[in-house]
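Working notes, structure below.
Note that the chains are named A, B, C, D and E in the order they appear, and that numbering of residues resets to 1 at the start of each chain.
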Amino acid sequence: MSSLLKVDNLESYIGLFTILHDVNLEINKGEAVALLGRNGAGKTTFLKTLMNLVDTRSGSIELNGKSLVGVPTHKIAKMGIGYVPEDYGVFDALTIEENLKVAMWKEDKETLERLDYILELFPDLKIAYKRMAKTLSGGQRQMLSISRALVNKNQILLIDEPSKGLAPVVIEKLAHALKEISQNTTVLLVEQNFAMACAVADKFFIISEGKTVESGNIKDLMQDKELQNKHLGVV
Amino acid sequence: MGEILIETKDIGISFGGHKAVNKVNVKLEKGKLTTILGPNGAGKTTLFNLISGLLEPTEGQVFFKGTDVTHLSPLKRIKMGMGRSFQLTNVFGALTAFENVRLAMQSKENIGFKIFTDHRKYKDLNKKTDEILEKVLLKDKKDFLASELSHGEQRKLELGMVMALDPEILLLDEPTAGMAIEEVPVMIDIMRNIQNSGTTIILIEHKMDMVKALSDKLIIIVNGMFLTEGDPETVSKDPEVLKAYLGGGVLDELAVKG
Amino acid sequence: MILKKDLSKNMMIFLGLLLAALLILPHVSTLSTTTLFSRIFIMAIYAMSYDILRGYMGFINLGHALFFGSGAYIVGILFNNIGNTFPMFMLAIVITLVYSSVAAFIMGKIVFRSKGGGAASVVAGAMTTLALGEIVRHTAERWRDVTMGADGLSFRIPPIFSDRTMFYYYALVFLIVMTLVLRQFINSPTGRVLMSIRENEQRAEFLGFDTEKYKLIGLQVAGIASGFSGVMFGVLNRFVNTELLTVQQTLNALLMTLVGGTGTLYGAIIGSGFVNIVQSQLLNFRSVHPIFERWLLFFGAMYVIVVIFMPKGFMGLYYSITDKRKAKIKNHAIKQTAEK
Amino acid sequence: MDIFVTLAINGLAQGALLFLLASGLSIILGLMGVVNFTHGTLFIWGGYVYIWIFGLTGSFVLGLLGAVVVAFAMGVFFEKFFVSRVYGNVPAQILITLGLQVIFTELVRVIWGATPLSIGRPAFLAGAWDISGVVIVHYRVFLIAIGLVIAVGIHLLLNKTKIGMIVRAGVQRPDMVRALGININTYFTLVFAGGAALAGLAGALYAPLVGSMTSTAGMHNQVLAFIVVVVGGMGSFIGSAGGSVILGLMGSGVAWFAPGLATVANVGLMAIVLAFKPSGLFGLAVKK
Amino acid sequence: GDEENTEEGPIKIGGITSLSGALQDYGEQMQRGFELGLEYATDGTMEIDGRPIEVLWEDTATEPEVARERALILLEEENVDILVGPASSADAGAMLSLAEEFETILMIEPAAADSLTGADWNRYLFRTGRNSAQDARAMAEIITNANPDAKVATLAPDSAFGQSMVAPFEVALEEMGGELVIQEFPPAETTDFSSYILRIREEAPDYAYVIWAGANNPWGELMEHNLEDYGIEITTGAPEIAALRMMDPLVGMTGFTVYYHSVPDNEVNDWLVDRHQEEYDMPPDIFTSGGMASAIAIVTAIEENGGSMDTDELIEVMRGMEFESPTGTRYFRSEDHQAIQPLFEIELTEEDGVDHPVPVHRRTIDGEDIAPPINVPDGAPR
């Protein structure tokens, strides 16, 4: 398998704060990877750094061998990255339909098929299709945010805590869907819900204090209670 | 049944044609921890909004401590002893974590409109604020601006603020969404303590472990309508609840299969 | 006083020296410089009052000049119609106090009707206050018998104020007193609540603060301070016209606070000094080079430069230095949480 | 009776003029949320460029075109180098655009002098019909027509393309729009410049109407444009059109029935509308 | 008026007017006129009795506070002997008390508000320019001269300017036998005058006296509504050239003017027109003539005072003093220091090669006939 995303010695900062100190990771095509770590460890900041929403100080990020450092966000996205931010990033003043439309790169048959698939997955959105996004419930916002990242054909999906705020049934459905999607599209998942992470991912990385400290196969992590305890506090 | 703190009578609201909450009757008991469960978009947050006064119902009434508060402003209800947190993080971004909590404390202490005394003079207020920050694991970050906190940390701050408010009844809307799993037990502890100090808690939560560990009673809402209520064990086995909300617990299977 | 605690030793020394310098200034400078400084002091209070609204409440008031201009009118009309005596000045202060608080109350009741945040409501508030300010200006313009409209009302002042050097000291004392008062207000519990309202009004309400009342108080305090500075401005100029009630006059306050740094209170003082000195210097440069006959080009450029290169104003520059120190401590804290 | 017909027609024409004046601002303030104090300057630049080109070529159309092009270019310049740095920060927007306004208004004086320049109407639009006491001025009818064309055109542009929604989304969450692969900066620049061009067009059409252009005409007309947009409802282009017509007709009515109130009628209406319906008269009706 | 300064060094004149801002144009014209006036009055030497004249110009930016501050610099730092200006009445209002405080003469030109030589008068104020009341009386005189019991309507902007032009007109007209039947005050920024014009049309007066300054003007609409067909004659004061350019529709109208370069017939004006043409390649305008008048007045006064700059003496000399100007001889009325001056009845005519209607002289109205009422407050120290 060839490496899709490769990050070396990444250091990034917001204003006067250095948040990521030393992040290293490599993700191959077709993998589903979970990024784990405690609150404030720097997971979100890492995803934002990939999207160049947070500035890189040093180190390298490569997608398919092309450096992403300093590339404008919209160009990074167009390289085939779908991004679900932690705070949903829903456009309140637009309808659900418009939110999705804005996200679509083209409106060809394939995209529309994906749209159908999404609306099937989240029937809530279908019902509220013409409504302003600001009226959505917390969970519905999450659904919309995920949907927006799914309408395009991406190489890789960056998803920040998708299970947050979703009801168990929906999490289940989502996990299935992500699993399915990860057959064709690489998925990088930040999760606090360990079960969800395990259900979707094959590999994991753990970030602590702005550094990647552990990585490996997620099945091993499931077994390794000690490691879980050390970095995740899962009992 | 113990003393009823909050009661809704046929409460409902519709947005256009859509009935987000539909003739819901609930009784929330003093001293108990009640959890409201339901699928996404069921109307849980909307119910909170109706109870706390953020929205005015299109039908029905809300009673708080026996008084009809249906048309009272949120402010009046808060003054009567209601406190709530928000599902979408809602803190004062450009103020420090400390100031966020201190303000809640100030409100609780009812300092009133003092316009020419220094806020720093209220020493015990500051002390209590520190205590609360310690409880919600934010002691080290008290001088951080709220906007500089990570999402999980902001959730903790939000919790700290309502704790400082020390209301008689506390409405918590998914307080732990996005919090690290390691900290869930701490949160459970915090909530137990709050409850033990005599505060009634109403919780909206999707984390079933936590719900089961904490709740005295579950209320299930689906499609804006009351479905059922009861103790956690019974209700979580109710087939209808399983179907509408909990699903089949397939997640774990999936994970095992890889 | 808590002042002691807030200021580092260096700061105290600096302020002491500054005060000493200001005290001897009239004796070593020309009368026009003295007058320029009197104007700076008075405008500083006007700008500070604006900063309370803009910087601490997050409220853009485009009608703020109505307090300022009215203060000047009140004193002018009293002097002109009843007599230019000191008791009339005191009466003007009292009337301004009452007028400003009533006007602020009415303005607040209208503007604060609609709650909630977002750019749209900021603009709505700005436009409502603009309308109210314009209505007051038009009223003054129409009430020509008394106000003389745009041509302006010139009046005589009590002899006690007519010595410019003495007036300079009055203005300085006025500035110091008002700064302390406003500072105290900002640091009061009420002041803190205003800041929380700026950040998130709905949340403040759900913490149990009657936000509308707090905003009204904030607006009244700002209105009164602005009205007082208007009274002093009137006495300084011995002239008032409807120009003092225009949107431009409000925008001057906005400029001064932004130059100095919004939400810092003292920034307004620096801003007033900077803006007034720049304007006066640009006019002085006329004789240096004809390009300064088009001084407005440079004045306009100042607005642009400030916003682009000093978005947080002079105080922002100052704080960014102290912030670097704080950042270190915070960086440390980030690590610590992570370690736990 | 003939008086009322005259007043109604004049009111409508006045509405059309207001609409032209406000259309650019409606986009910039309503859609992008930018409090743009360069509007008045763009407006007078439009007028001066029109007079200048009309003087050179004698062509009405070339004059308008020149005004639009120059204003568009100024819009690009303003947005790219200045306004783009202050999105979401209303006070900074006010100041930076105010600074540009001061500079560019002064430049007008440097280039064309402070003296008002007079300009006639093109021959084919001069004159009026006098139908038994009802006076209908050709140029005003022309304004109504242009106003309609622009209203419909821009409305279609905003609603049949993604531009409108992308800009609205970008105002709220520029980072997220970028993360969806859209170069929001370009959209902002183009939309701002589009609004600027409309301001320039308004200036160019205004000059022949009042017969002159002066460097001080900007501020008042700018405030007027703000009033129209706010009364009509921010964010709704059609709302601005409605607001213009209402203000135009009200202007005629007030001038006839209560001329003493004419100076405060506009701001007064705005204050009342904002106090009772902060979203503007058409704020909700259009955006469902 | 500083004593030390009296005998040695140059005579310092502080010129303070609008060199930027709304009235920049007026200020610049006045500045040119003033400098040319000095040249004329000193025969090109720029000296009086061997003492050179130095003029220091300051810009009021057409803002009263700035005017005051700049005036203060002139008075205090530059120790000027006399101040001249400004263009805006508000700027002048802000400077009045300084003249008194520094005991220095302020020669007002061309600010026109009546109150400057009326209610707000103090002994240091002189005005070479005409005030609103003189305009008003000229207009009333012209109208009643043609039609002794004329019914008149006024159309003026709803501003200090408009009101201050109409109020004295009403008094003057009534006094001269006419009747002011309707006053219309559209907002200064009006672009649609139809309501106001229609109301005037309904009232059917003999004359409509239109007072308008500003870019948006009612001329076109007045013509469109065919007032002439309703027997209403439009009249106004012919303004500066830039504003005349907008008055094409009014060709044929009779009115008054303060100055137009081809109207007065005297040698001062001939000199001014030639010299101005030479220097600036265009004819002088209204405020150029005013500027020149004020320069001549100042030089005349100093010369008559034997070169002394003593303020009190100058005031004495100037009271009742006659001086030349491009519009003929003027004198300062001793009661209120207002220059009494002739104005002109003119007719607007089309002239080949000129891009605006040209005011043609019909009659000179004697200054005495249109002398404004004296409104100096009773107790004011003289």
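Here, a residue touches a chain if its C-beta (ideal position, glycine included) is under 8 Å from a C-beta of that chain, and two chains touch if they have at least 3 such contacts.
Keep in mind it's a predicted model, so treat the numbers as computed, not measured.
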item: Chain labels contacting subunit D and also subunit E; value: C
item: Smallest count of steps, each to a touching chain, taking subunit B to subunit D; value: 2
item: Centroid spacing, where centroids are CA-atom means, of subunit A and subunit D in whole angstrom; value: 44
item: Centroid distance [mean C-alpha coordinates] between subunit D and subunit C, Å; value: 32
item: Whole-Å gap between the CA centroids of subunit A and subunit B; value: 28
item: Geometric centre distance via CA averages, subunit E-subunit A, whole Å; value: 75
item: Subunit D residues counted as touching two or more neighbouring chains; value: 106, 109, 235, 263
item: Sites on subunit C at which at least two other chains make contact; value: 141, 294, 296, 330, 337
item: Overlap residues in subunit E, where contacts from two or more other chains coincide; value: 20
item: Residue ranges of subunit D in contact with subunit A within the complex; value: 162, 165-166, 168-169, 172-173, 175-184, 235
item: Subunit B partner contacts - residues on subunit C that touch it in the complex; value: 2, 181, 184-185, 187-193, 195-196, 198-200, 202-210, 213-214, 217, 221, 326, 329-330, 333, 336-337, 340
item: For the subunit B and subunit C complex, residues of the former touching the latter; value: 52, 74-75, 78-79, 83-84, 86, 90-95, 99, 102-104, 106-108, 111-122, 137, 140-141, 143-144, 148, 161, 165
item: Residue numbers on subunit E that touch subunit D, as the complex places them; value: 20, 22, 24-25, 28, 158, 184-187, 189-192, 194-196, 198-199, 202, 214-217, 219-221, 224-226, 242-243, 245-246, 248, 356
item: List of subunit A residues in touch with subunit B within their complex; value: 14, 17, 38-41, 44, 86-87, 124, 135-143, 161, 164-173, 175-176, 179, 192-196, 198-199, 202, 219, 222, 232-235
